[in-house]
Structures are given as C-alpha cells and as structure tokens.
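Residue numbering begins at 1 within each chain, and the chains themselves are lettered A, B and C in the order written.
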Amino acid sequence: MNAPAPFLGLLGAERSASTDATGCSRVAAAEPLLSLHGAQVRFGSTLALAGVDLTLRRGQRLVLIGSNGCGKTTLLRLLHGLLHADAGERRVHPLSGSGRAPRMAMLFQRPFLLQLSARRNLWLALWLARVPAAERAARVDDALERVGLRAQARQNACALSGGQQQRLALARALALRPDILFLDEPTASLDPGAGKEVEAAIDALGASGMTVVMSTHNLGLARRLATHVGYLEAGRLLLLAPTERFFNDAPPPAVQAFLRGESPWP
Amino acid sequence: MALNALTRRLGASLLAFLFLGAAASMPARAQDKFIVMASTTSTEQSGLFAHLLPAFKQASGIDVRVVAVGTGQALDIARRGDADILFVHDTAAEEKFVAEGYATRREDVMYNDFVLVGPKTDPAGARGNDIVAALKKLASSGQPFVSRGDRSGTHAAELRLWKKAGIDLASARPAGYKECGCGMGPALNIGSSSNAYVLTDRGTWLSFKNRGELEIVVEGDRTLFNQYGVMVVNPARHAHVKAALAQQFADWVVSPAGQTTIADYKINGQQLFFPNAKPR
Amino acid sequence: MMESIALALNLIARGDAELLGITALSLRVSLSGCLLGATMGLTLGAWLAVARFPGHRVLVWAVNTLLAMPAVIVGLLVYLLLSRSGPLGRWGILFTPPAMVIAQAILVTPMIAALSRRLVADALAGGGDQLVALGARPFTAALLMLVHERLATLTLLLTAFGRAIGEVGAVMIVGGNIAGVTRVMTTTIALETSKGDLPLAVALGIVLLGVVGLIHGGVAMIPVRDKAQRLAMA
C-alpha cells in the first residue's frame, strides 16, 4: 500500500495562498527538526516499521493514529531516538538560532516515577540531563507550577493519582525545556476525569507553540490538537495530512474503515 | 501521623543504639605486645590456657593469642609462618618439624595422660590398666570405637597404640571402628550418644559434661602418657616471626615459675598436667 | 531446652562481660563485612543487570553458583591469601578481625550480586527505557532502580547479614577463634558444643537469634511503601 505522494508533500512548506487547516496564516517553511528517510525497524523477524519517510518541522503538532500494533509507538520512539533504525536514515537538524540539536522529551502511556517525592523526581531528571545545579531548583518549581502540582511537591510520586502522575511526568518532560515533546498515548490508561486533566495540560502546551508528536486513540483529542495527522497500518505510514484535510477529504479506504471503527484485527 | 513518626523514631534509635554499641566496644589492644601461639583443641579445652597465660602476662606483659586447632593443622600454621610459637603434643611430628628447619629446637614442658572411656557395662571387657590388652579385646569384640581421625596428637597416639597391640587398621579394621575427622569434644559427643569406646586425654574428659553412660575404663598405663613440647618458630625461615617475645614464653614455661603454675592447675581437685621440663 | 532459655536470660540479665564482648564483635564483623560486601555486590549486581558483552551469561551463571559456596571454603581461600606464606601475607592481618571482615564480605558478595541483579533486571523491565529516555546511562538507571526498590534492596541486605552473622566456617579459619580477640558468637557456640556444654551452646544460639531479631524489628519499623501497596494505589 503506497501513501499517495501528494498527501505526503503537504506535511511540508505551507506555500499555498490560502490559510492552512488550523487557521494559521501562511508562513515561510518552518525549519525542519527531524527527518526520516526509508526508515525501517525490526524486532527479531518482525518488521515493525517498513520504510517510513517523514519530516517534522518546528511548531507542528503531529498526531499518529492507527490500531494497536500498527507501529505508532515504534515510530514515536524512533523519532525520539530511543530506538535505532535498522535501515534507512534518521536525521536530526540543528536549530537555526543556536545551532545545537533539538532537545527531545517523551511522555509514556504509563509514566515510570521513582519512589521519591515529586520534586525529587523532577530534580533527578534534570540531573540526568546534566542541567547545572544552580538552575535545577528553579526549573523544578516552574515545571510543577505549569502542570498545577505545586501543592504535591513533597508527596511521594507513587502515591499520586493516575492523572496527577501523568501530569507529573509531563512536568518532568517540560522541566527539560524540550524543543520537541513526544507523547505515547498519554491518556490511554487514565479514567475520563484524569484524562481531561492531562488533555487540558497538553492543549495548553500546544497553544504555546511547542512542537509535539503524539500517538493516541482519542480522535477528539487528535482533531483538537493536531496540525497534522498520520495514519499507520502494519508499519507503513499510509496517510499524512493536515488535520482538516485528513478528516474531511476522501481518505483511502483503510483509513476510512479505521475512522469508522471498522478496522479488522491486525 | 503521630504514631507513625513515633515508631519511625523508635526503630531508628534502636538501630543506632546497636550500631553505636558495637562500634564503641572496639578493643584497645593494638598497643599490647602479643604473640600468636598455635596449639591444640584438647589443650585449650582442658582450660589450661585460661590458668597459665594470665600468669605469663603478669610476669612479662606479653599477650598470648592461642589459635587452637588439631596438631597437624597447628604444625601447618607454623610452617606457613602464621604463628610465632607452637605448643603441641606429638613428639615425633615435632622432631620432624625441627629437622625441616622450621624450629631450631623443641623442649619438653609437661605431660598428661590419655584414658580409655567406655560404657559403664563394659561389653568388651576392656577394664583394667593395660591399654594394649584392652585394645585387643575391643578389636575382637567388635564393640563401637570412635577415633578422631584428624591428624591430631591424640589421633597419632591412638594409631601408635593400635600398632603396639598388633592390629593393622588398614587391613584388619575392627568391626566397630568409626572415624569422625573431628576434635576431642565432638568425638566424645558421638561416643556418648552411641555408647562407644573413645581414647581421650584426661583434661578434656574432666571438663566434658555430656558423658551419658561413659566412664573411664583404662588408665594409668605408662604408654598412655602424652608428652607436650614447645617450639619457637625459626626466624631464619620466617623473618617476621616475633622470635624474641616467643622465646620469652618458652623460657618462662620451662622455668620453675612456669612449671609450678602448670602443676597448680586442677579440675575438681585433680591435677591434669605434670611438668617435666629438663633443666637447661 | 528450658535450661538453655533460662541460661540465656540469665546471661543477658547479668550483662555478662564476655557475652557482651563476643556479641559486639559478631555485630562489628558481620555489619562491616556486609557493608563491604554490599558495596561490591550491589555494584556487581547492577552492572550485570545491564551489561552486555560476550561471556556475560557465563558470569551471571558463575555468580549464581557461587552464592552457594560453603563458608568453610571461603575461609580457606581467604586464609591462603592472607597467610604469611600467601600473596597478601605482608598485610599481617590473619587471625585478626579485619581478616574476618574480608572473609565475610567475600562470602556475601555473590549472594548480594545475584539477588540484586534479579531485582534490578525486573525493575528495569518496568521502567528502564523511560529512565534511558531521560538521558540515563544503563548503569545509572540500574543504580536508580536500587534506590527505587529500596525495600527489596534492604531485605536482600538483611538476608546477607543473616548469612554472615550466622556462619562459623569462614570466621573460624581466618580468625582462629582466639579468646578476646577473634571469638564471635558462632565460634563460641561451636567451641561450647565441642566441649560438650550443650545447654550453654543453645543459650548462646538463642542470644544470637535475639540480637538478629532486634535488628529486623528496628528495620521493620521503617515505613516504606512496598510494591503491593503501590500497585494497589495506582
């Protein structure tokens, strides 16, 4: 199944005269941060990702959807750098301003927090990232403030509720001041109430201009948040388009079936 | 919660107390002069050292640290240079030690005797004051006999006695003969629980509390006398040996003062060791 | 048995000086030995949980097997090392407490390494990649897991301590059971047994268990949430 080339090309320079799907006015090509060319990932004999081409640009909010086992998580991890491509290429583009590589942080479906206070968890993350000691305390407080967990700073992280834990994980990611934030099904394990808490936090992030790559089953969240949506099936990126186009223009049959909830078991 | 904090504090103070207690009792002995003496389990268990060594410390200011193992192991320890002085009771092995150059000489210090203990009922008919005859009767009766089998002085003495009785343990092992590869106390433990005959030194027997049905059946035979010797490890072989301090002990133990102290040691009013150092 | 219990209580109540001495020495030797063993064992265990090199499996197998090493063998090996005729003879520490500490440290290291390796590997399976995503090197992630699962780590260290304070083979050989210098609870028990004074031997055994019981009691009062409770709250 080949992705129709014209669709792929739309995840690139928005040079059209009209405003694009999210209503942002036309801008010059946003700088590329990450790109994949023919990237393949294998786990043993299974081909988890088969030849993916993708360019992620600054300010984009890319949401990946697809059934379980389609390769969303693998693609996410490959983009982040947690996994390595077995074939093909992953390129990291230096930032135009500082020339350094973009910083990346990932939020997982089930956040792993250490049996320490919330503050200590964030502090450790900063220590691992080699943030200078003088800055750590301030950044920790700032991050907790942004996700609304100031009051829980001294509580044991593992004693927090599910929603609070995910928000703490978000704070941990934000404390690192990432250029790109990856979110792997951030609300999948949460009850609706907790899920709403986390969604609100992510929405706020998106509004602030953060570059985001997220995988989710939550199509409502996808529509609200994404500037671009990608559909994966059996390790292939079948469709990648700006949000409005994705949901409104005639997508390929496989995508339609998925959106209607009629996808067969993988 | 108040209760939680209290238990936490209790637990912490308990642990701290144990740690401090253990740390505080550091022995301040690093300054004392000391020598390491390799001797035998039977000598230590007789209680002689608890009586003899404090007297020596008083006279000389030297601490004697006794490592008590079987005679074979004691000689081994001395050969390796891990002891400064030897105090054992196997004259043949001691003379070999000197011949090998690990000591310049050996000196007689004292003797004690062995006794044969066995069940009160004496099923082998060994009772008397002739050990050789007793062993012959034991062999033919097939009654159980526990041997230390551990290369100790006692074991060596036992083997010599069987030989004297004309019994070849290798080819014609008596029916009830058992080897435990253990010290005198454990051998007696086994003997008392299985009503067996055991050859033991009198000292260990007098202090032994777990007698069961056992009592002395043979004693007084001259062949049962057990000679003790002292040897200072040769500094020519092991330069670090504290030869001077060790020599002080050797000198003292054969001196009238040392010999009298040995003779004064009694268990239940009975003298255990008979000083017989040759005059220098 | 009753005689032994009465004797044990009597010894403790009297504050018998000799008993206090050998108990203190037992604690000092075994605590120090376990501290040293923990340093080596936890490092080795954490490293083995993340290291990947040819022969890695053989090393894991070796550590697992060595944890069953008889104490006497450890004692013998350390004795040969520390003997004046041995490679480390010039240290001159044979028949002194430091030799006993070394022997016990070597005795418990494989046990601590094997158990902590399992602990860390299991913990990493749960959250290891998230720590790596945060920038942790594998060994750092392994050490963080020991902190994360500190209750389990503490339990395994207490197990090692139990083995150390209860063993007699190693300390007997490298210490020499010298009265007042290297005589500890277990060697005293062995000595009294071989002298035939069984009630005293059992009484000392009761005291030994009592001391270990006090330590466990103190530790049990530390309120640390264990995994079961954590999972229940998630």
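The rule we apply is simple: a contact is a pair of C-beta atoms (placed from the backbone, for glycine too) under 8 Å apart; a residue touches a chain by one contact, two chains touch by 3 or more.
Only a predicted model underlies this, so the values are computations on that prediction, with no experimental measurement involved.
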item	value
Pair of chains whose C-beta contact count is the highest in the structure	B-C
Identity of the chain that, by mean CA position, is farthest from subunit A	B
Chain nearest the overall C-alpha centroid of the shown protein atoms	C
Chain centre separation in whole Å, for subunit C relative to subunit B (CA means)	32
Mean-CA-position distance for subunit C and subunit A (Å)	47
Intercentroid distance (Cα basis), subunit B paired with subunit A, Å	79
Of all residues in subunit A, the ones touching two or more other chains	none
Subunit C contact footprint on subunit B (complex, rising order)	4, 7-8, 10-12, 14-15, 18-19, 21-27, 29, 36, 41, 45, 49-50, 65-69, 79-82, 182-186, 188-189, 192, 204, 207-211, 238, 240
Of all residues in subunit C, those that touch subunit A in their complex	126-127, 129-136, 140, 144, 147-150, 225, 230, 233-234
Contacting residues of subunit A [partner subunit C, same complex]	80, 82, 105-106, 108, 111-112, 114-116, 124-125, 128-130, 156, 158-159, 162, 165, 172, 176
Interface residues, subunit C side, partner subunit B - complex	20-21, 24-25, 27-28, 31, 83-86, 89, 92, 94-95, 176-181, 191, 193-198, 211, 214-215, 217-223
